[in-house]
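What follows is a pair of complexes built around subunit A, which joins subunit B in one and subunit C in the other.
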Partner chain A sequence: MSLFSNTTALLGKELRTEFRSRELLTTTIVFILIVLVLFSFTFDPTSDESRRFGPGLLWLAFLFAASLMLQPCFLREQTNDTLDALRLSVADPFAIFLAKLAANTLFLLVTELLLLPVFAMMYNVKVLPVLHWVILVFFLGSLGVSIAGTALSAISAQARMRELLLPLLLLPLLTPILVASTEVTIALLDRSPYVQWKGIGFLGVFDVVFLTTLWLFGEYLLEE
Partner chain B sequence: MVTPPEVSPTGIRFEDIEKRYGGLYALRRVSFEVAQGECVVLAGRNGSGKTTLLRIAARLVRPSSGQLSFPGAAGGSGSAAKNTGFVAHAIMAYDELTAEENLLLFARLLGTSQPAKRVEELLREVGLFERRDSLVRTFSRGMRQRVAIARALLHAPSVLLLDEPSTGLDPQGTSWLTETLRRMRDARCTILMSVHGETELSALATRAIRLDSGAVVADTRTGASFRSILTFADA
Partner chain C sequence: MKNILAAIVVLLLLGAAAYAAFFVAPTDVKQGLIYRILYLHVASAWTGLTSFFLCFVANLLYVWRRQPKWDWLGVSAAETGLAFTTVVLVTGPIWAHPVWGIWWTWDARLTSTFVLWLLYVSYLVLRTLIEEPDRRGLLSALFGIFAFIDVPLVFGSIRWWRTQHPQPVIMGEPGSGLDPLMLRVLLFSWLAMLGLMTLLLRQRYRLEAMRGDLEIIQRELEAA
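This part shows the complex of A and B:
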């Protein structure tokens, strides 16, 4: 019960501070938009080419944006040593991670859904018939990115080369998510769309394994 | 009003505590006990280990070796740690939230009963009720310190750890803090605080301990030696 109430209180704080400053959402949306536009110049986006390359480019843009978005996640807590106050106050330190990864997943998902119509228009692909499946893949992929990213953000925030460390650790770790999400999205945007269950299953397992690891060892990541 | 501790008073026992950062010793075999309801001041020059010791007592830093325990804590050391209020160098509050939002957040995390009422009480107590809707970012150093103190008192802790708590406070603020701590002490709250020199706050203490290069070099209860520990007269 205290885990749930602590998590909701902290999630409320994360959302309130973000919607007050709008720093993360604005930056991430602009960043993904720039990447998508730049990528669109590199090839002629006919329908067939877009189906082949579009999903990979889209997920690459999401991953780069996520590495930007996740950077301040724990860095913000260092300004006034608020992480210490949280550690002294919560019954279970996992609540700190849960709230942060829930907020990060939500921010990523909102960004992805806002940019999906732009992607569909620029890359000449039809997403409406498979929208519900695309949302599922976005959710599972974003959750995986957020779980791993939140954990690594806690580690990198205490390191000396913190700005460089997070992308260096995060991007290789998220390669399996990039591959699985891209393959599922390619299948969904095919001329004859189909659901690639293997990829969806992989994303689900990745999320569960990393979430369990974070639950078991997260407390140690918060210590000095 | 300052609420007396909600749980039975708890002491703090340090046994052979050492803290090393690489080859540097921040604390060397520190052993002493703060009895339940005792008010102890930690004195020492900059870098003598006061802050590290307080952070270990707050269980924010794990000692390299030695044992920390809370004699008398109902529910064991884990529960005692949650009944600890800590005022650190940093204010440990969010700049982007208002004073009220900050205190409400921590009151909810600590499971304080009737959080809104408790927060209102404390905002009045620390003199920030009129500014409760202002972002902490806009506060002066003294006002920020008042938020930090209010946060530490939210759950009426049985152990109070304070690291130079009068930093940034004006004379009225220091007098208010002294009176608050006096009432906490009289209500059997265990207090361990670091101070610099002989101050209004140090007059509350019944015992003074001086640290030098991470080791306890003096520990006394009353009299001339008490003053000399604070003023370094014997150093």
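This part shows the complex of A and C:
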């Protein structure tokens, strides 16, 4: 039970820190917007083409944005010298990871949902009829990105050149998420939409596998 | 003396494997001579994977036991694995061009090998960016664990969604099978490659051990 209460307390702290400044959310939203607009110049987005390429571009933009957004996750604790305090305050260091990855998932999901109407308008795809499925895919994908990203940002925060290092470590690791989420989203935005259960299941498996690994090895990531 | 003897044995093995590949194994009916690159290509791929698996085991043991020797084995195995995987990525296109008519195809095996290669390059880059030996050992070991666990997911995702191209002719689906003599030659080539891997691994391990000792001496001198 202490894991749960510790996690919720820390999650509250993460959310308060973010919503006081809203720095992460604003920058990430603007970043994704820029990427989406720039993508549209690299091909001629007729409706049929954007149905095929759109979801891939969207997920690529999400991944790039996430690799930037997850930077300060542990770096902030390090520059403020608060990591020791955090470690002392909880019985199980896994609570720190759980809180951070829950906050990151939430931030990513909020960003994605705010940008979804813009994407649907700009690339002329209908998302409303399949909205609940899109939200599920966004959630499972963002969860996977956040689990792996939170773990790796604890690694990159302790190295030199951290700003460059995190995308380098994270992006190849997220290949399965990119492939599966893109395919499921393409199926959902198809002219005759369908739910690709295989992909949704795959995303679930990815999340479970990485969460278990993080649970097993997380404490070593924070060792002094 | 022992080293020279081991080197001679490996050299003889490699020579015998080359002889078997060129003169013992029968010529492929469809592909003709070019298929003989299989004995280099596939044997290197298996050896590379063996090496990465060794790296994973060493990473686990380092996290558990914290003895520098496991760190040294980890980095040695990662580098040896990268060397063999590079051979795979170079011989692949050489083989693919005459047979499939293209240098590269985004097939499951090729693409996952490439992502695997990228992951271990990131592993080595990460190591160069952390000064302190204990921290470098621990953090790179943890990244190695995440990377290795990711490999089956990468392969699965690409195999399920990204293989629209014709399956490779040899070692494709079960049932495409290999001539028994060809298989025996292939296994023998693998054995020879494993010999080469052991040799490289041993040398690289000794180099890393010396570097470790050197670092300790340097730090003692700086402290004095």
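We adopt the following convention: the second predicted complex is superposed on the first by the 224 of 224 C-alpha atoms of A that agree within 3 Å, B and C clash if a C-alpha of one lies under 4 Å from a C-alpha of the other, contacts with A are read in each partner's own complex, and residues count from 1 in each chain.
Convention: contacts are C-beta pairs under 8 Å (C-beta built on N, C-alpha and C of every residue); 3 or more make two chains touch, one makes a residue touch a chain.
As the structure is a prediction and not an experimental result, all values here were calculated from the model.
Once the two complexes are overlaid on the shared chain, A:Thr82 sits against subunit B while remaining clear of subunit C. In the overlay built on the shared chain, the residue A:Leu165 is in contact with subunit C alone; subunit B does not reach it. Of the two partner chains placed by superposition, A:Ser192 touches none, neither subunit B nor subunit C. Of the two partner chains placed by superposition, A:Thr42 touches none, neither subunit B nor subunit C. By the touch criterion defined above, A:Glu223 lies against subunit B and subunit C together after alignment on the C-alpha atoms of chain A. Once both structures are placed on chain A, subunit A residues 223 are touched by subunit B and, in the other complex, by subunit C.
Contact residues of subunit A toward subunit B in the complex are 2, 5-6, 9-10, 12-13, 16-17, 20-21, 79-82, 84-91, 223-224. Against subunit C, in their complex, subunit A makes its touches with residues 148, 151-152, 155, 158-161, 165, 168-169, 172-173, 175-176, 179-180, 183, 198-199, 202, 205-206, 209-210, 213, 217, 220-221, 223.
For subunit B in complex with subunit A, the touching residues are 58-62, 81-82, 84, 86, 88-97, 101, 105-106, 108-111, 151. Those residues of subunit C that touch subunit A in the shared complex are 63, 115, 118-119, 122, 125-126, 129-131, 135, 138-139, 142-143, 145-147, 149-150, 153-154, 156-158, 160-162.
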